[in-house]
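Next up: some structures, all given as structure tokens.
Shared between the two complexes below is subunit A, which has subunit B as its partner in the first and subunit C in the second.
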Partner chain A sequence: MEARVPGPRGEGVMEAFAFYLMAALATAAAVLVVTERQVFNAALYLAAVLALVAGLFGFLGADFLAAAQVLLYVGGILVLIVFAVMLSSVRDGRVRSQINAQWLPALAVSLAVAVAVVEAVRRSSFAAADVQAAPTTGALGMLLFNEMALPFEAVSLALLAALVGAVFFSRKERPDGAAGDAK
Partner chain B sequence: MIGLAHFLVLGAVLFSIGIFGVLTRRNIIGILMSIEIMFNAVNLNLVAFNRYLYGGDLWGQGDAIFVITLAAGEAVVGLALVLAIYRNLKTVYVEKMDLLKG
Partner chain C sequence: MIESARLLKPEIILAGAALALLALDVSVGRGSLKRWALAAALASLAAALACLLRFPDSGRAFGMLSIDEFSHFFKLVSVLGAGLVLLLAEDDDSLMGGSAGTFAGLVLLSTVGTMLLASAEDFLILFVALELTTIPLFILAGFLRRDLRSNEGAIKFFLMGAFSTGLMLYGISFLYGSAGSTHFQALASVWSADVPANRTLDLVGLFFLLAGLGFKLTLVPFHQWVPDAYEGAPTPITAFFAVSRDAGVIVVMLRLFGEFVPIGRAGLTDLFALLSVLTMTIGNLTALRQESLKRLLAYSSIAHAGTLFIGLVAANPLGREGVMVYALAYTLMGIGAFAVVAAVARIKGSDSLEAIEGLAGEHFGLAMLMLIFLLSLSGIPPFLGFLGKFYVFAAAIEAGLGWLVAIGLLNSVISVYYYFRIVHKMFFRDSRILSLASPANWSLRIAAGASAAALLIFGVFPHRIASWVGQASRALQ
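Entry: the complex of A and B
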């Protein structure tokens, strides 16, 4: 693994410190997201994970993506999740375990995936390209509206479908039980 | 010096944590949150590959934007479904959602 972007000498230590700090915090917060008993607290830890990933995007020179991450994920998706947690308030969340009985096989599966990917990364060799970071917003806009115009339109169609689907699923059901009674 | 491998390993770790969450969470909203962690791990890998291997292009970041957008759509539809299920079954635990069992 020799893929490295060369930079000035003295910045290396600060860079490594920043990366390891963000990586450790993100990993710890992610572990807390999947193990925390209170779903609301898990949502708050998820906010930490998303914000730290935005910081890592900034570390990689993806300035526009870091801003989009904060706007869309932390500001949008997370608020939706918190809304859903509040609207489906679970009263027995404090006493009952939030983890099902299959945690040991699940741990084995996730560890196997992690070991496999890390081993693949260790054996691979990528040729490094030494390109300095530059502002990306303008170039990204040109890319989105020229070469990526077709996926852009497809995504707008998917968003429209999601909008209609959300309205359909969240509307009040008619009292005659047209959409089916659960119990 | 931080290189591509650091980001790939971090992405793998976050992705496995997301897999663990999806497999073990009883609360369906917790499963959705674990899926969001997995999306973020993948985005991190896309941007890291873009930065370290194809620094002149921005296609990796463009792909990550599409992933974020579709994750937003997925969260909207998924949470609407969760609330519809909660209205009908009065539960958010996946083992209670067993209407299809014979």
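Entry: the complex of A and C
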């Protein structure tokens, strides 16, 4: 499997090493996001995960996706999360236990799923994608407004609904219980 | 592309109306808004309905949607469901009060998602449409912002929904990695190849996909969110929950497993049958012990999902027709039953089983309507609910799944017990709770009355719907 890392410049050992290193780091950071008890630190680990995933995207020749990942997730969403953490008073994170009574069945199910997935991937052969180190921005733009126009529009409706929901729930309520405008 | 857009007229009308309604809520003063929002939403639904009936175009849109008679049927069901739900909500001040535009707009957006699902034959649009249909439902479930039950139900629904979407996406990524395309057709070539290819990855992908869709289909063991979300949501929205399931999610599965991935060849028949048995049995057994009308109907809704699923397990044209009849029937009788619950909750100020005691003595019309819905829900002729059950059971027998039918019939008997417990309370007990308000308003009466009439008419004259459904299901291979 090691030989088939689809790096942009062929299949060298160095590329494979860098790819797996980034993947391993991203996984380790993702585990830390969950196990870290302080929400703020967890957010910082999340930043590391997202940045490393951006690196993986870049490695696979998806330059636009890598840039968008950095701009939107690392730059935008994460800053929002950090703001939310700092503005809300999350203090009791340290005392709360991070597992509950269901941990044993949950662990069993997770292990079973992990074994199934690993086994499935091991048994399958993947056709190596033909990746060219060409800029993808133009092609993506064409796709979004031609073949993918419908999902693009549908997703904009879904996001609009989510936005409306966020506004609805965060609006201040008038004393009579009806939702009013935030002043 | 213009051709493709032309095929999506009903969806575009509804999406446009939803955008206008959402804008209306912020720009217009509060006073006259309520009537306008309801009227505009109903008008757009009527326009979409007319579009579906008068111009039943067919073809492929954007290479991802199959617009055919099969999808038309389910689109009609979802438009009908949305219309009935809006009528139920008409006098509910918490929904149609200050945020009427938001409420109606979200209902329409969710309907657009369901309609896209009914045509989807590509994983990309399946995912996007599923999000479009559930995100408004998350918000609508928590629409009563001051009600703790509403908050709890919405949060549970949202977390479970997000998790199941993640599982589904993970599965889709496997299927994409194996087939190299997100179109269902690519999967068909994987499963139809005569060469015994290694399909482990596809199978794992299908399992994840099934887990994700199972949440939306309220299949056991993915059903835990249902009772809380159904109980906490405003009653008209509770009635709306099942529409996206019966007219959207199950349709995608019928398409995927009927046309592209034969469940027999994928070796999934036993698993699907087991899911169906679990869903029917656990739904019904838990419904026996409920003391809240909404929770009881929520568990019975789970049980109905199990019966509906039999049509998919049978994997034959008759099963497909069965799902169509059952979806129409459940939409009518489910919304109808919740309409009566909403009326009772308004009159008595409670949705416990106690509140419906003595309903026949005080409001005979409501009690008779509820009787019709309950008879139809328990599958007693001559109502449409019976026809739906008859179809799916016949399909299962044709597919050689007699044991599944036996369990299904046994479950019907269990369900008769708890449905008739409600009937008994309505007709043979005296009311112990003081009435607070006047009986239901005109729009709720229209919605419930029309549903009951449709259940009776289609049930007594089944040949009309049988020929319609038979013709429509032939659109699929």
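Quick note on the criterion: the second predicted complex is superposed on the first by the 156 of 183 C-alpha atoms of A that agree within 3 Å, B and C clash if a C-alpha of one lies under 4 Å from a C-alpha of the other, contacts with A are read in each partner's own complex, and residues count from 1 in each chain.
Here is the rule we go by: contacts are C-beta pairs under 8 Å (C-beta built on N, C-alpha and C of every residue); 3 or more make two chains touch, one makes a residue touch a chain.
Since we're looking at a predicted model, the values are computed, not measured.
Student: Please work out whether A:Phe169 is in contact with subunit B alone, subunit C alone, both, or neither, and reply first, second, both or neither.
Tutor: Both subunit B and subunit C are touched by A:Phe169.
Student: By the touch definition at the top of the document, which applies to A:Leu50: first (subunit B), second (subunit C), both, or neither?
Tutor: Only subunit B is touched by A:Leu50; subunit C is not.
Student: Tell me which partner A:Val121 touches in the superposition: subunit B (first), subunit C (second), both or neither.
Tutor: The answer is both, since A:Val121 touches subunit B and subunit C.
Student: Identify the partner contact of A:Glu15: answer first if only subunit B is touched, second if only subunit C is, both if each is, neither if none is.
Tutor: Only subunit B is touched by A:Glu15; subunit C is not.
Student: Which partner, subunit B or subunit C, is in contact with more residues of subunit A?
Tutor: Answer, by number of touched residues of subunit A: B.
Student: Taking the superposition as given, does A:Gly75 touch the first partner, subunit B, the second, subunit C, both, or neither?
Tutor: Neither subunit B nor subunit C is touched by A:Gly75.
Student: May I ask you to decide whether A:Phe64 touches subunit B, subunit C, both, or neither, giving the answer as first, second, both or neither?
Tutor: first
Student: Looking at the overlay, what does A:Val155 touch: subunit B (first), subunit C (second), both, or neither?
Tutor: Once the two structures are laid over each other on A, A:Val155 reaches both partners.
Student: Which partner does A:Pro135 contact after superposing on A: first (subunit B), second (subunit C), both, neither?
Tutor: neither
Student: Which residues would you name on subunit A as touching subunit B in one complex and subunit C in the other?
Tutor: 117, 121, 126-127, 148, 151, 155, 158, 161-162, 165, 169, 173, 180
Student: Sort out for me which residues of subunit A touch subunit C in the complex.
Tutor: 116-117, 119-121, 123-127, 146-151, 154-155, 157-158, 160-162, 164-165, 168-169, 173-174, 177-180
Student: For subunit B, which residues count as touching subunit A in their complex?
Tutor: 1-21, 23-27, 29-30, 32-34, 36-37, 40, 43-44, 47-48, 50-56, 58-59, 61-62, 64-66, 68-77, 79-84, 86-89, 92, 95, 99
Student: Please give the residue numbers of subunit C that touch subunit A in the complex, ascending.
Tutor: On the subunit C side, the touching residues are 1, 4, 8, 15, 18-19, 22, 61-65, 93-94, 97-99, 102, 105-106, 109-110, 112-113, 116, 124-125, 128-129, 131-132, 135-136, 138-139, 142, 145-146, 174, 177-178, 180, 198, 200-201, 203-204, 207.
Student: Can you check the complex and tell me which residues of subunit A touch subunit B?
Tutor: 1-5, 7, 12, 15-16, 19, 23, 26-27, 30-31, 33-34, 39, 42-43, 46, 49-50, 53, 56-57, 59-62, 64-65, 68-69, 72-73, 76-77, 80-81, 83-85, 87-88, 90, 93, 97-100, 102-103, 105-107, 109-111, 113-114, 117-118, 121-122, 126-133, 136, 139-140, 143-144, 148, 151, 155, 158-159, 161-163, 165-166, 169-170, 173, 180-183
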